Every structure is written in structure tokens, then in C-alpha cells.
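Labels run A, B and C following the written order; every chain starts at residue 1.
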Amino acid sequence: MSTSFRFLGAAGFEIVGPRYRILIDPFLTGNSFAPVSHQELERPDLILVTHAAYDHLGDAAALALRTGAPVACGGDVRHLLMDDGVPSGQIQASIWGVVIKIGDIVIRPVECHHWSMSKRKNGDVLSGTPLAFIFETEPGVRIYHYGDSSYFDMRFIGELYQPTVGLLGCSQPYELVPPVPQAGEELSGELDPEEAARVAEMLGVKVAVACHYFTHNDDTKRFLERVPVHDRSGKRQALAPLPGETFVIDSSGLVERDPARVN
Amino acid sequence: MSTSFRFLGAAGFEIVGPRYRILIDPFLTGNSFAPVSHQELERPDLILVTHAAYDHLGDAAALALRTGAPVACGGDVRHLLMDDGVPSGQIQASIWGVVIKIGDIVIRPVECHHWSMSKRKNGDVLSGTPLAFIFETEPGVRIYHYGDSSYFDMRFIGELYQPTVGLLGCSQPYELVPPVPQAGEELSGELDPEEAARVAEMLGVKVAVACHYFTHNDDTKRFLERVPVHDRSGKRQALAPLPGETFVIDSSGLVERDPARVN
Amino acid sequence: MSTSFRFLGAAGFEIVGPRYRILIDPFLTGNSFAPVSHQELERPDLILVTHAAYDHLGDAAALALRTGAPVACGGDVRHLLMDDGVPSGQIQASIWGVVIKIGDIVIRPVECHHWSMSKRKNGDVLSGTPLAFIFETEPGVRIYHYGDSSYFDMRFIGELYQPTVGLLGCSQPYELVPPVPQAGEELSGELDPEEAARVAEMLGVKVAVACHYFTHNDDTKRFLERVPVHDRSGKRQALAPLPGETFVIDSSGLVERDPARVN
């Protein structure tokens, strides 16, 4: 048994395990590095949306409408999806701690220290609660998606829920042009590489996977350097996939990666 | 001197101490396990509302309107109460850390990691800040109500404010039918029994009281099992009251409980 | 080289370093203790707003409009500023962890445990994410502004970002009349003096500066008493400036304070 991960760019992953297919933060339209369009994606069993930022919410509504797949998300994202025509009964809203089951899939939302701010179709500004997620695709493959969290003491997440794979932001999709003019520029993502490497150690994951970027950059390079520095297990694997790259993980760790990848 | 607690179901308690009567999260209408209707409750000296969820906000507005009792809550709940006709001058909004005094009652709002999301009468979605509360009813009886928080490192709350009684969610009022159709189901409350037992230890309470349910279930059973496991004081008392049950606590701990209760 | 700080009352500071002038939370109109009107302030290179509370947002919009200075803030404050006519391109919104650069100034927003709630001109209630800030005015002068945070475990902020100066609330601007009638009164600020003194130690600052008040009171007195109690460095300097007072800090610590001050 094994679970494959296809990186879609930004914080998006298509995860296919022995029992189900999950899409997380599927941002494809407007992502010029996306390996597929949302129309080309196979029907997932579940779509997870961590928060309302456009590079995370992405094509979730369109995918839900086309495929009928259920969506798990926070309460504000539920409103946004419904504004786009997704029926309430196709959505499961939840919050930190409240474990949910959609079909056969069990999802644990965990704390994410970030914002979730959006504008509804009627112009209202909406503020909600961002989520990180933990779920198991097979015995020994427990995936943590950071949901764009900033750094905080996550040791309790490691201790109580023992994820084995961490999908961890370490950078910013700098290539995106902000949707509104801004006075300055961003120099980092919510987690920088040093912080992400420390998070990997706090969580105790076997495999630390970088995300929240489109292309390799100084951040992804530093992520690969810093993960081993903070690794007290001596066995942590680190990778920084490129959009479109697929890698395979089982209960022993990373077992296969796209032969085309460079670093 | 002693303080009596009547459990109202969900996270609701009527607490009567030597000097005043406090209602917390009085959810009665729509709660088929409620031991009383909101019309039957005696006038409290203060109503505390932890956040806007309907099973916590409950009958707070109706009670405030009928009895004239003041309400302490977060800023979003203040708007909801005012939408229902409660005058601004009857409400004290506060936030984590800002200790407030209403009449003779001193209330310390503390961090609660959750959401507080609601829809106003005009259809606007409202997002606010959930609260947990600490207050003292008599010397040595300092009550912590968790306000539907998820798990986080609460040791500083124990160290700095030293609650002696913890009203701790460990389950979910599973009998409630969600107000909107959802794609899946909930498998736990914001705190599960293991987490709640750890919280009791972090806070250092003498008495750990389960809540956030209507009936005894696997969660309440496990709460009673796990509290002693995490108890380094060797003296922590645990109970899981049923709606309508009253128990009495003084500075030495639990001194009396409803003889009708089973486990 | 040195950096001067002028306390404006509440949480407001005008900070002038070797390379730039920064205003934080400039609340002057409605602040009867303000040493200057907003019209008298020199053009800053950057205005920082921690959250939407009126005693923090203050005159930010008027200052931005008069001087053209850029503003860094959270997403909700961005909407408020734009409602007041500040162009989007003059604002940089950010969130915990996302380091931003405006002109030559690098700003790190960090976690702030509080609320940010306001009413827009159209009557909508707006909820956002409060910020604390860290920035360096010269080598060895790294300033942390608490942004009205309540107490939490900030050791990671000390460890990772090593601020040398802490601008820390320890009280409440009690003289302000609340904008709406309330049922009770406030007995403390978001941080009380004991908590603020512990925060100074967690951050490891050389200089702990009290704020979030207008006049000396029991809180400011206790802040000066408690900072040394929690100081394991044995060298921490503490001060509680009065509105209008200016003090000077360099990489060695506090080097000069207004000769007119009393305690």
C-alpha cells in the first residue's frame, strides 16, 4: 500500500491513497504553473479547503459543482461556496478539534494561526477561521496540511495526533500579482524555511514536504538545508516538489519521486 | 459556604454561590433535555455567553429581556443581543485578558480557541472572538468555563489564575440536528475526553466537570477514565453530570451530588 | 546611532531612527493627553496600525491622507482606511509571519491574541486579525510592539526574532469614556502588569516600556516593580513614560530619558 501526492502549486495537492482521492486547496485557474486545469482533474472523494484566500480556495466551487464531490472547510468558506451555488448538503463545515467523517473519510481540523478574509459576491467582507488538517490515507500515513499557518508551538499536535507527513509552507507564491495594488512587497510566506523546519521537528514527521510556492527559490533551498538541522530523529526526509511532480509515500516514508525532478 | 451548579445540558450551567447567581451559555429552547424552560429560571445576577453558536448563545437574549440581568460576552454577541432588543447598557463586551466587573461580580475572560460565527437578523454573517471565563464565587472556588475551546497549551491559565473547578467539554450534543444540511457527521467535540483530561491537569483543577453533551455516552465514560490518568495531584475529582443534575462544590472540592445520578 | 521614542498615549509611539520615522497606533483626536494634534506630526515614512480599535487606529487615515505615508496593517483595517479614502496602493496588508517591505523598511507582523472589531461607514460589522509588530531601526535596536495582545507563550518570538525593546501594554486608558454604554467596568488591560513583566522576560528584551494608558496609576507602578522580579538577565531596564515624553534607546539599551519625568 502507498499514497501518491501530486503537487499542484501554491498549497494544492491531489492525494490518492488506497481508499480515496483527496484534493486540498486546488488553486488551478490563475495559477500559470498548474499541471492541469480543474476540468482535467478526476473526481475526488473529498475536497479540503483550508481558508478563503484565493490561492487556497481556488477552484473548489467549480470542482464541487462539476464533480459533486463533498467539501470540508470552515464556516466562512461554506458561505462562499454556497454563494457560488454549491448546495449546503455537499459541504461539511468544521472547526479545530471537531473531527468529521464524510463518507468513509475521517478528517481532523487542527489549529492554524492565520486569517481567512474574503469578499462575498454581494460585496460584504467575510472573516472566518482558517484550518489545518490531519487525515490518514492508510495505516502509518497520517498527513498534516498546514493550511497557511504561521509559527506557533505545535508540539501538542505532534504528540497527540502523530502525523507522519507534513505538507508545510516555507515560501510564498511570489509570482502571483496581488489582486489589489499594495504599498510594499512580501519577503516571506507565513512560515519561512527555518520555521517550517522547526515545525517538522515539532510534529515529528517522517517526511517534510515544502509547499506554498510555484518555483524553486532561496526559500525552498533553505528548507532542504534546515530540515536536517532540526531533525533529532536523524531520519527525516525532506523534499521540495515542483508543480506537477508526483511522489509516493508509505508507512516507511518517501518511496518514490518523480525522476524528472532536479534538487 | 458552598456553590451549587445545575447542569442545563450542552455547555449551560446555573451557578449559585454565596453572593450571586450566574447563568452560563443558557441553551434551553430547542434543547429537549433541558430541565427547565428559560421562563422558569430565576433572575440571575449575570449571564455569561461564551460565543455565538446557537447551542451556547441559546436563550440569553430572552433571559436578558425578561429579567433585566446584565450579560457579559464578546463583541459579536453584543451585536446579536442588541439585534434582539437588549439595550447596550445591559451588556458588557470584553476580550481575553480584560477583567471586567459587573455589579460585584469580577469576570476574567481568557483565551478560547474556537470560532464564533453567526448570521444576524439582516442576513449579514458575523464573525467574532470566542471567550472562556474564570470567576470566583467564594474564596477557593474559582470556576473556569472552557467556552468550547479546542486543545492548546493552557498551563499559563493554570499557573496565573489557578482555577479550582473546570467546566470542560469532552463531547458533542450529538442529538442536535444541525440547523443546515451537512455533507458528513461530527465524531467529536472541540475537546475530546483525552484532551479534556489533559486540560484538567494543565489547569490544576480540583474538580473536573464534563459538559457539552446531553446524555451519557462513550465520551463521558472515557472522560471519567482519563481524568485520573493525567492527574498528578492524586486528588482530582471528576464528574459527568446529566442535564438537571445539581452538584455542590466548596473550597475543599466536590461535597455533594444529586443522589439520582448513575455513573 | 540611536532611536528616539515619543509616547503619544494609549499604545501610540512616534519612533525616529537613523533611517526612518515610524508612527504606531497614532491615536490623537479624542485623546486629551496627546502631546500633539495629528496635524502637527511630521510626515512619517510608515504608519503601523495594529488593529481596528478606535484607540489604536486613531488618526491613521487622516495622517495617511495628509502626508501620503504608507500604512501597514491587517486586512480589516485596510478596508476601514479605504472607506476613509486612503488609496489601496498606499496600504500594505499583512498577517502573522509574512514579512513585508515598504520602501526600505522591513516589518515582521507577529501573533497578537486579541480581537479587531469595528463598524464600517455602511454600518457593517467588520472582524479582522490583530497584529503585533517587530522591526529594526538600527543594528541592535529591534522593537516589538505588542498590539494589545493578551498573555500567551511568546518565548518563540523571543527566541526566533530577538527583540531588544518591548512596547508592552500593562494597563488600560481608563480615562476614555466607552463609545457605547456598557453594563460594567474594566479592571485591567489585555495584559496586566504581572503578565507584561513576564512577557518582557519571554521576549528577552533589554528595555521594557509600559504603554496602553494615559497617566501613571497602580498598573504602571506595579509594572516597574514586577519587571525586575521576572528579569533573569539582571540588566533589564523598565520605564513607564507619560504622554509626550521622549526617550532614546541604542543597541546598549536606554540611554536618555526626558528629564521632566517623575518615576
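Throughout what follows, a residue touches a chain if its C-beta (ideal position, glycine included) is under 8 Å from a C-beta of that chain, and two chains touch if they have at least 3 such contacts.
Computed from a predicted structure; not experimentally measured.
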item: C-alpha-based rotation, chain B on chain C, 0 to 180 degrees, nearest 5; value: 120
item: Type of chain A:chain C copy interface by residue overlap (half), same or different; value: different
item: Distance from chain C to chain A - Cα centre to Cα centre, in angstrom; value: 34
item: Chain C residues counted as touching two or more neighbouring chains; value: 124, 127, 153
item: Partner chain A, residues of chain C touching it in the complex; value: 70-72, 74-76, 79, 87-103, 106, 110-111, 120, 124, 126-129, 153, 156, 160
item: Touch list for chain C against partner chain B, complex; value: 113-115, 117, 124-125, 127, 150-153, 172, 180-192, 194-195
